[in-house]
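Handing you a structure now.
By letter and in written order, the chains are A, B, C and D; residue numbering begins at 1 in each of them.
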Amino acid sequence: MLRQALLHNEHEPVDNDGFRLRGLGFSRLDAFSDVVFGFALTLLVVSLEVPKNYEELHHLWYGFVPFGISFLLLMLVWYGHYTFFRRFGTHDAGTVWLNGLLLFVILFYVYPLKFLFLSAFGQSEVVMAGDNMREVVLLFAAGLATIYFLFSALYANAYRQRDKLALTPLERMLTRNFIVEEAGTGFVGVLVCLLAAVVPPNRAGMTCLLFMVIGVWKSVMGRRSGR
Amino acid sequence: MLRQALLHNEHEPVDNDGFRLRGLGFSRLDAFSDVVFGFALTLLVVSLEVPKNYEELHHLWYGFVPFGISFLLLMLVWYGHYTFFRRFGTHDAGTVWLNGLLLFVILFYVYPLKFLFLSAFGQSEVVMAGDNMREVVLLFAAGLATIYFLFSALYANAYRQRDKLALTPLERMLTRNFIVEEAGTGFVGVLVCLLAAVVPPNRAGMTCLLFMVIGVWKSVMGRRSGR
Amino acid sequence: MLRQALLHNEHEPVDNDGFRLRGLGFSRLDAFSDVVFGFALTLLVVSLEVPKNYEELHHLWYGFVPFGISFLLLMLVWYGHYTFFRRFGTHDAGTVWLNGLLLFVILFYVYPLKFLFLSAFGQSEVVMAGDNMREVVLLFAAGLATIYFLFSALYANAYRQRDKLALTPLERMLTRNFIVEEAGTGFVGVLVCLLAAVVPPNRAGMTCLLFMVIGVWKSVMGRRSGR
Amino acid sequence: MLRQALLHNEHEPVDNDGFRLRGLGFSRLDAFSDVVFGFALTLLVVSLEVPKNYEELHHLWYGFVPFGISFLLLMLVWYGHYTFFRRFGTHDAGTVWLNGLLLFVILFYVYPLKFLFLSAFGQSEVVMAGDNMREVVLLFAAGLATIYFLFSALYANAYRQRDKLALTPLERMLTRNFIVEEAGTGFVGVLVCLLAAVVPPNRAGMTCLLFMVIGVWKSVMGRRSGR
């Protein structure tokens, strides 16, 4: 009957990939990270002050799309974090510190991200062009690379403990794939950085098209993992 | 004896409607959402700065009623969220993303809501009249509609998984009713939007009377669900 | 062995008063409330801006004692909240809404509390005297009364469900005592309000001495409860 | 099979030191503390306002190293907190109040810490020299001393309940060592304070070299504890 209960709700011990979910309990690492994620999301969307007149209220509305995109990107990072900790539930010192580093990068990027998308959608007095455009692209691509390399390192750290975690052969294969998948995504960020640094400044924005490679890469790796 | 414990405290597996409570455990989706809800509630009530003199302290008091109403509205949304996740405890990708969208809308509305009620109670230098009144009504009704449509979608997403969740015939009926009830509430918001858009601007405020239909609708649906 | 584990750590099913702890699990109501409490505490202590020079850094230090007292008062409220929910673990609609009201009052009082203690310790340009002193006393005493009446109502709401919660005769007696104890504390707040309203403004501050009655009252009630 | 599960994931009942982990469940004290820690970390990193132009964006970048160091220091305190509560899981009144005091000190230090490292790395218009340098060293050393004395007191409070917690002889020895280790670390803070107060102001900064003693002390104590 307990097993029945486990089958009937979300708490299935295996996810769609065939990964056993070792971290379904709620831990302090989860709590701590979720407070930071929740704050970051709130700060992305909520402006500093309550609008004082209709003009400021309209201004707030113009932010709908840029805030929406920043929110979506941060939710994707949260989802990656959520997925990792559900799968492994590791709480060793390595996980704690890699997680701390990840939270630091996220917090550090909240306002640049908001700035970036507000500018990109013309909701700021700043014009993105020439050298500034190059800088913004470098900033964004470096942040993306760092976050995905950290995810890759988290998976590698879990793989290092594969015997202690009693990973099945399938899980070992999937974990290796995740290490490569996340690192590859990070590598696309590095490529965008390099390219943005060498092309003429006014072309720097175009290097962002390279981010589309991430979609291709993820679908290739997804097929390898049997998704 | 375990059963005894379950009967004696809050952790009863069935709520008043006859719905089994599949999501009584505390999950990361709950944690994450509660941080955002808690932050939103705090921002609704807490002003930006500590009052510096008695005049500012008085000003803070004038906000008691408008803050109270905004707080109540947000608590109603939290209660709907709490009820849904207690009933289903779903954590599939659909739930995660619909929930993310809901949180985004809530965060986006925190300050407009505060602005709206501060203006409505004359606690702001802004006069609500004519076109501005129309805009405020549209804003509020659109937010309400979005939130209730998202709740309806969450219930529909749970219903889609009715076999996996092993919903009983009673629960299936109740879930269908919830889908309709929430969507209907959202639909009242749409009606208010449409009406506010066509009536003369200085009558826009009156269209809010239509919100009273929600009370009627909820009591009709409640009777259908045997509440 | 489970019993052994229960005896060896904090998770004893009975507290010092002889109350079984029905709410040891972590619920969403706890999470939600703790986010609000955590925010309120942070806002009490953290100033709006990072000090920019040594003068501002010194200014921050002057706040040590007033912030400490506000922090202590809020921690006392948290402890009362924590104790209540550990004892009963109720999550009925009544508890949810009384709890919501309590959180609203707490959030509403964060900045007035900070203002009050900063002024009382001369860390603000505001002089507390005459009518202003009266107002501040009324504000503080009314907040205290509201919070303790809400605690009393929470205990009364739990008592109403005494059969469903299977309270033992000892627990019923203790719960009745808690209802009276918290209401009595709230009543002292009301008395201070009344007295502050009738005495000459420049004596309003002295009515705060009446708060010492709370200590006497709590020790009387504590003896009745066998503490 | 349950035991198997316990062995295979993080939820091992014993940590590397040989300490049984009594506090693996998620409690309200953890939740409450993590909200405060999460808030403190966020405030350390996130500036008050979204950058409005490229100059402000650059300014934000200059904070990378100082924010990183403050973040690391706070994470170390969190890790100490996390470790303590995993080991003992105590929730007695003594633990609650010592923990409250710890949170107060942390919140009180968030902005001075940010100020200190921004100044130290020249990211502020403030010059640290002479008397100001002395003050900053005193401030920092006093905060460090307070935090570690509080940790020592938390361990001492757990040791006081050694019979109730059923500490094994090994755990008793380890707990005594922790009391000494944390107190010793706090004592280094006191030494730095005393030294900074007597040396000529322009040498005050040098007294910070004494903090390196902490590393030696921790490794000595670690060896005694068999780490």
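In the analysis below, a contact is a pair of C-beta atoms (placed from the backbone, for glycine too) under 8 Å apart; a residue touches a chain by one contact, two chains touch by 3 or more.
None of these values were measured; they are calculated from a predicted model.
Farthest chain from subunit D, judged by C-alpha centroids: B. Residue numbering shows that subunit A and subunit B use the same positions for less than half of their mutual interface. Note: centroid distance subunit B to subunit D, computed from Cα atoms, is 40 Å.
Averaging C-alpha coordinates per chain places the centre of subunit C 28 Å away from that of subunit D. Within subunit B, the positions touching two or more other chains are listed as 26, 31, 35, 39, 48.
Chain contact summary for the complex, subunit D toward subunit A: residues 4, 7-11, 26, 30-31, 34-35, 37-39, 41-42, 45-54, 57, 60, 64, 67-68, 71-72, 75, 78-79, 82, 85-86. Those residues of subunit A whose C-beta lies close enough to touch subunit D in the complex are 22-23, 25-28, 31-32, 35-36, 38-40, 43, 48, 88-92, 96-97, 100, 103-104, 107-108, 110-112, 114-115, 118, 124-126, 132, 135, 139, 164-166.
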